[in-house]
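The following blocks contain the structures, represented as structure tokens.
Next come two complexes, and both contain chain A; in the first it sits with chain B, in the second with chain C.
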Partner chain A sequence: MQTNVDKAWKNKLEAKRIKKRFSTEFWMLLPSMILLAIISIFPFLYLIYASFMDFSISFENPEFIGLGNWKYVLSDTLFWSSWGRTILYVGIGLVLQLFIGVGMALAIFHLPKGKNIVVTLWMIPVFVAPVVAGLLGRYLLNSTYGLYDWLLSLFGMETQVLGNISTSMPAIILMDVWEWTPLITLIVLAGLNSLSSEPLEAADVDGANYFQKLTYVILPLIAKTIVVALLVRSMDILRFVDKIRIATEGGPADSTKVVGYYLMEVAFKFQDFGSGSVLGLTMLVVTIFLGQFFVKFMMGKE
Partner chain B sequence: MMKQKSKKKVLTYTLLYLVVLIGLTWALVPIIWMVLSSLKTQAGMFSMPPKFLFKPNFDTFQYMFSESGGFLHYLRNSVVAAVSSTAISLVLGALGGYALARGQFKQTKHIAFWIISTRMAPIPAVMLPLYLLFTQLNLVGTMTGLIFAYTTFNLPFALWMMMIFFKEVPEVLEEAAMIDGCSRFQAFLKIAIPTATTGLVATGILCLMFAWNDFMFASIFSGHRTQTIPVAASMLITQQGIAWGQAMATGTVIITPMVVAGLAVRKYLVQGLSMGAVK
Partner chain C sequence: MKLKKYIYFTIFVFLFLSLIACSTENGEVDVASENNENINPDVQEPAPFDGWVEGLPQITAPEGFDWKQFEGVELNFISENTPPSSAIAANIELFEEVTGIKVNIEQTDLATVVEKVGLDFNAQSAKYHLIYADPYQILAKQSEHFFDLNHFINESTMPQIPGGLEDFSASQLEAAGYMGDKEELYALPYDNPTMVLAYRTDVFEKYKDLFEEEMGYDWTPDEDMTWDEYYEIAKWITEKADEGVITEVEYGTGHQAKQHDSLMADFSNILAANGGDYFEKDDLGTIGSTDPGASAMDSDIAIESAEFYNKLLQVADPGSLSWDWTGVAEGFASGNIAMIPEWHEFSAMFEDENSSNIVGNVAWTTMPTGKEGKAHTYGGTGIGINKYASDEEIKAAWLFIVWSTSPQAQYMILKSDEGGSTPTRNSVYELEDVQKGMEPGTPESEEMPNLLAMKPTLKAWESENAYMRPKIPQWPQVDTFIFTELSKMLAGQQTPEEAVKEIADQTNRLTNK
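After this line comes the complex of A and B, so read on.
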């Protein structure tokens, strides 16, 4: 008897829910979707439109020039070299962050004492605003009174790190590594902490040494988390150019001019919004591509 | 045999602590140096070799927060912009995130992808069309424009995070409330929101952090009246040189509240910064 009543209730509720579902939840979602459309679809469409326009004569009434901007940008050597530098910046930066981040995570994970305080201190750079990271890099590497420059000079390296085309990009990469490696550590640590002890014990029984356990048991189990983390980081490195703007302004001799910074310069310094739009679209394509992978990983998990 | 094993253990631990110590030195020296420099006199800052012990001097901070320093003005702008965009994003994000978590929309996956690509869109590529729109609407240099600009990254972030947090809340409680006659919306307000409070707070703090730390949008969209602290910090770099004392003091002021707030929501920080990939 009781179960029948329960069933009847459930059916009624279900029917009510299906009917209600559309209305309530739809209306709850609607405001966000409208605002999201204004902040994403509109700029995207406008970017496509602007990529066919010439803004040099009149800012308010740009002139249609067809593929002019596209031809200009695609034949511009700086476009290709800035993308090349972007790939180096993202690639080398991520490899370093991955190795240092995983290394620190493993070291912290196996500490017998003081894990908590170490993690807390290690993660502090994550909170630092990119503009401050850039200022700090510039200050520490200043050739007359910078602390790091002074340390380098103790080792006999008298160089203007940020003023030299061969060291400026590595310095920028290291600023990003400094700021964001802790995030990789935190992600890997979360993965390590959620590992069950069984596979490790099984490996112990089989007489595996630590390195074997690491490569065959631990890393494969947290590989997916690391991939997702790297996807987020790569999109984020593309997003920001604050550090470059503060520390080197794209120089010296374009050596730190990544595509995002190049866009800023083309659009806001030279007021060439048409070519800037082409650059922006190439960046968006890459982000959308990476984002698709990310969503696949995330939604596939459930 | 036993002795050898314990010897090996001591060696391993020493090595581990050494690695950790090197890591922490690399991570913290810049920040410690920034704080120390902000407490030095002009002459003390530029002495070579660098001084590690000295009498702290608060002149730079005193000047910054004084009437002529103008810092309080920037502080106000930063707070207003960050808080407003966070409030808008949080309200809409909680509503929408809940709808995405509970509703059975056919396009949830597409919406999710849309949200992520909006959140992760390269800032220069977003700024360009927004700038053209803002000039036409006379929004460049206004607080409204800046708040709107921050919402471009905070709204998709809040939507995404709240969707994840609400998915973790079991639906049973809300169902029970609805059997008792609550509407879906009442169940959301009275049951779902209170159970997801920590998620809401963490998302809010991260939104504040993203807006507070922003330099790129503010450098183009904020005018003289609406300048934020990061822009003020960048203004210290001039053709004549850089006011390092003030720059380091400003940097200290920018990071201090973020470190405090960030460590308070530590557990959710990783989840937020990895866009929910890590629990």
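After this line comes the complex of A and C, so read on.
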């Protein structure tokens, strides 16, 4: 009997201690939670609120228009075509960055000497602001004084790269590839450097050639690292529109108007925050799905 | 647990609502001078600014006015990266020394100015006190956020506009200063770029006889030139250059036909010259309106104009499709092109040896004539005050506006090494050296090269020759529809008829939203 009473008393004490600890943790966490709410949750809630409001007459007193903005945006052909171009831009951009980035990482990984200097030189574009990358592209491809334009003309290519609908998007993709492929290289190189030597030695013992080692040992082992690199880049490539803004402003003929640029145009140039919110929410949903896809892929690998 | 959830929820909702409700109402601003008891409004005294010349209305203030009363106030001025702002920035110490007010001038591209000003206004934060108020991209949509300058005009204890509002061009004051009606004055004219025609004198003189022999008329661009002749001449030059007959240039014409505001401006010269416009309602370009009515882009005139523009671009420098106004100016300055419709303020660039291969070989004339007359797209801007600034900042900003738009400051801008802009003040054009500067080859024209484009520009400002685009709140969107669909037309993705119909449909869809 005495034991049962002690037990109950001990349980009560334990519960009190846990409650007190939680209470302390709660109060310690509260400032950061409020900060998180201010910078993340409230803007998100405001985005949902704004998507049902019309700001065109007055920003201070927007009118509730129900699904008006949603109908307007979703029935706009530009919304769907900009998503189509985004898929192209993101898809081709990521594939190129993946192949070149991983290839370069493997090349650097196997370099007998001078790895640091090669990595440093290769990383230079990453340190260039996207706006500057756009400016560089614009100047180099300028038909009056551009170096690349002049070089292309030597090969008989008299096209205006940024003024032609068939070359403007490839040019923008290449600018992004030039700037961000080194980041993929760096992440993958970190993965390669952390590889354990045993599986590779075992493959050597089994008489595997380099291609077999790469396919069956190295790539499977660094697959998660590659997915992390792709996750980071896919989030960024959807959002970053600096190069497009500087180099082509979405043209010619909307050929480089991806959804991120379209969102910027609607929200900040047109000051149509209602439609801009709808666009932002659709981008958020796609980004979440894309992130989930990569995360699930990684979990599957585990 | 339930209680905890309630607490979280309540905190979130409270903060969320606080954020939404977080706005401040601006009360009435006292615009009187700080030391108004010592001021005698009946006697005006000249301001101690350097740069005044005989013949110009002088900046004055009532007797007893203390020019240093706002010493220590810091003003932020956001402006498009244009020559007048560069010239003002280069000479800002003239203002700062007299007033003790510090002015930070941020210059960037127009799109960024529009974005930053929009965000500043909507947040009511007054990060920028002085605003480069583009009438079409900013003022038309954001006029409610500007301080009404009439308060100062009616305030006898503060300095007044030297020369009065009458010294501005009436149409430029209407376009740059008002929105919807003339009850409030939101900005004063600050710059006035206008599109006129630049051409290469060396090319036109050298091949004059050959052209006349083949085509049967004098081809020198002048006020009688029509758009059809312009096309014919441009095509002839491009073909002759291709054949190797003409060696000085490669193309007859160049255009600012990038998917950009510049494409709309370039096309408007032709549309308006043919008697067309973007909306059916008349006279939306000066005072402006919040209700533009139906689009007029499905008219026959619009279709014909688009067809002509499309045809013209076929013989133009192919770089035109990637050029805005700066791009086409660089192309022309490099020596590749014989004629370009361009903003007159680029004259200084063409006469600068550091940026041009064609110094001394450029002349200017009015735009060619269309079916109904001439049209020159006007692109002037005003300068206004953010109404969310403090009383002291608003009054300090008024002093800056009085100075920067004054005849003497406008004259200083014209003479600036920064390329200069052309004055918004009528009185400046009456000065003898300014008159002389409009003649090529004079020392004054070398000192003030923008004046070389002024004769046709003054003609372009006449009401029957000026084209002012619709000043409506929806203009940024409509402008985008116009240049995007025209860009698709030039890229061969749609016919001119489809392009203008698409512009009309999108515009009507927007205004009926």
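Basically, the second predicted complex is superposed on the first by the 260 of 302 C-alpha atoms of A that agree within 3 Å, B and C clash if a C-alpha of one lies under 4 Å from a C-alpha of the other, contacts with A are read in each partner's own complex, and residues count from 1 in each chain.
Throughout what follows, contacts are C-beta pairs under 8 Å (C-beta built on N, C-alpha and C of every residue); 3 or more make two chains touch, one makes a residue touch a chain.
Bear in mind the structure is a predicted one, so any value in this text is a computation, not a measurement.
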Looking at the superposed three-chain arrangement on chain A, would you call chain B and chain C a clash or a fit? clash
Could you say whether A:Leu219 touches chain B, chain C, both of them, or neither, answering first, second, both or neither? neither
Counting residues of chain A in contact, which comes out ahead: chain B or chain C? B
Mind working out whether A:Leu88 is in touch with chain B, chain C, both or neither, as first, second, both or neither? neither
Just chain B (first), just chain C (second), both, or neither: which does A:Leu121 touch? first
Tell me which partner A:Gln271 touches in the superposition: chain B (first), chain C (second), both or neither. second
Applying the touch criterion given at the start, work out whether A:Leu152 contacts chain B, chain C, both or neither, answering first, second, both or neither. neither
Thinking of the overlay built on chain A, is A:Ser32 touched by chain B (first), by chain C (second), by both, or by neither? first
Tell me the contact category for A:Thr248 with respect to chain B and chain C: first, second, both or neither. second
Of the partners chain B and chain C, which touch A:Phe42 in the superposed model: first, second, both, neither? both
Between chain B and chain C, whom does A:Leu200 touch in the aligned arrangement: first, second, both, or neither? neither
Just to be sure I follow: which residues of chain A are touched by chain B in one complex and then by chain C in the other one? 26, 42, 46, 59-60, 144-145, 245, 268
For the complex, which residues does chain C have touching chain A? 4, 11-12, 15-16, 19-20, 23, 111, 114-115, 118-119, 121-122, 141, 144, 258-260, 317-323, 327, 330-331, 334, 336, 473-474, 476-477, 480, 484, 487-488, 490-491, 493, 513
Residues of chain B that touch chain A when the two form their complex: 12-13, 16-17, 19-20, 23-24, 26-31, 33-34, 37, 45-50, 92-93, 95-96, 98-100, 102-105, 109, 111-118, 120-133, 135-136, 148, 151-152, 155-156, 159, 167, 175, 178-179, 183-185, 188, 209, 212-213, 215-216, 219-220, 230, 233-234, 237, 242, 244, 247-248, 251, 254-255, 258-259, 262-263, 266, 269-270, 273-279
Quick check: in the complex, which residue numbers of chain A touch chain C? 26, 34, 37-38, 41-42, 45-46, 49, 56, 58-60, 68, 72, 142-145, 158-165, 245, 248-255, 265, 268-272
Chain A residues touching chain B in their complex are 9, 13, 17, 20-21, 24-26, 28-29, 31-33, 35-36, 39-40, 42-44, 46-47, 50, 59-60, 100, 103-104, 107-108, 110-112, 118, 120-132, 135-136, 138-140, 144-145, 147, 150, 178, 182-183, 186-187, 190-191, 194, 225, 228-229, 232, 235-236, 238-242, 245-246, 260-261, 263-264, 267-268, 273, 276-277, 279-281, 283-284, 287-288, 290-292, 294-295, 297-299, 302
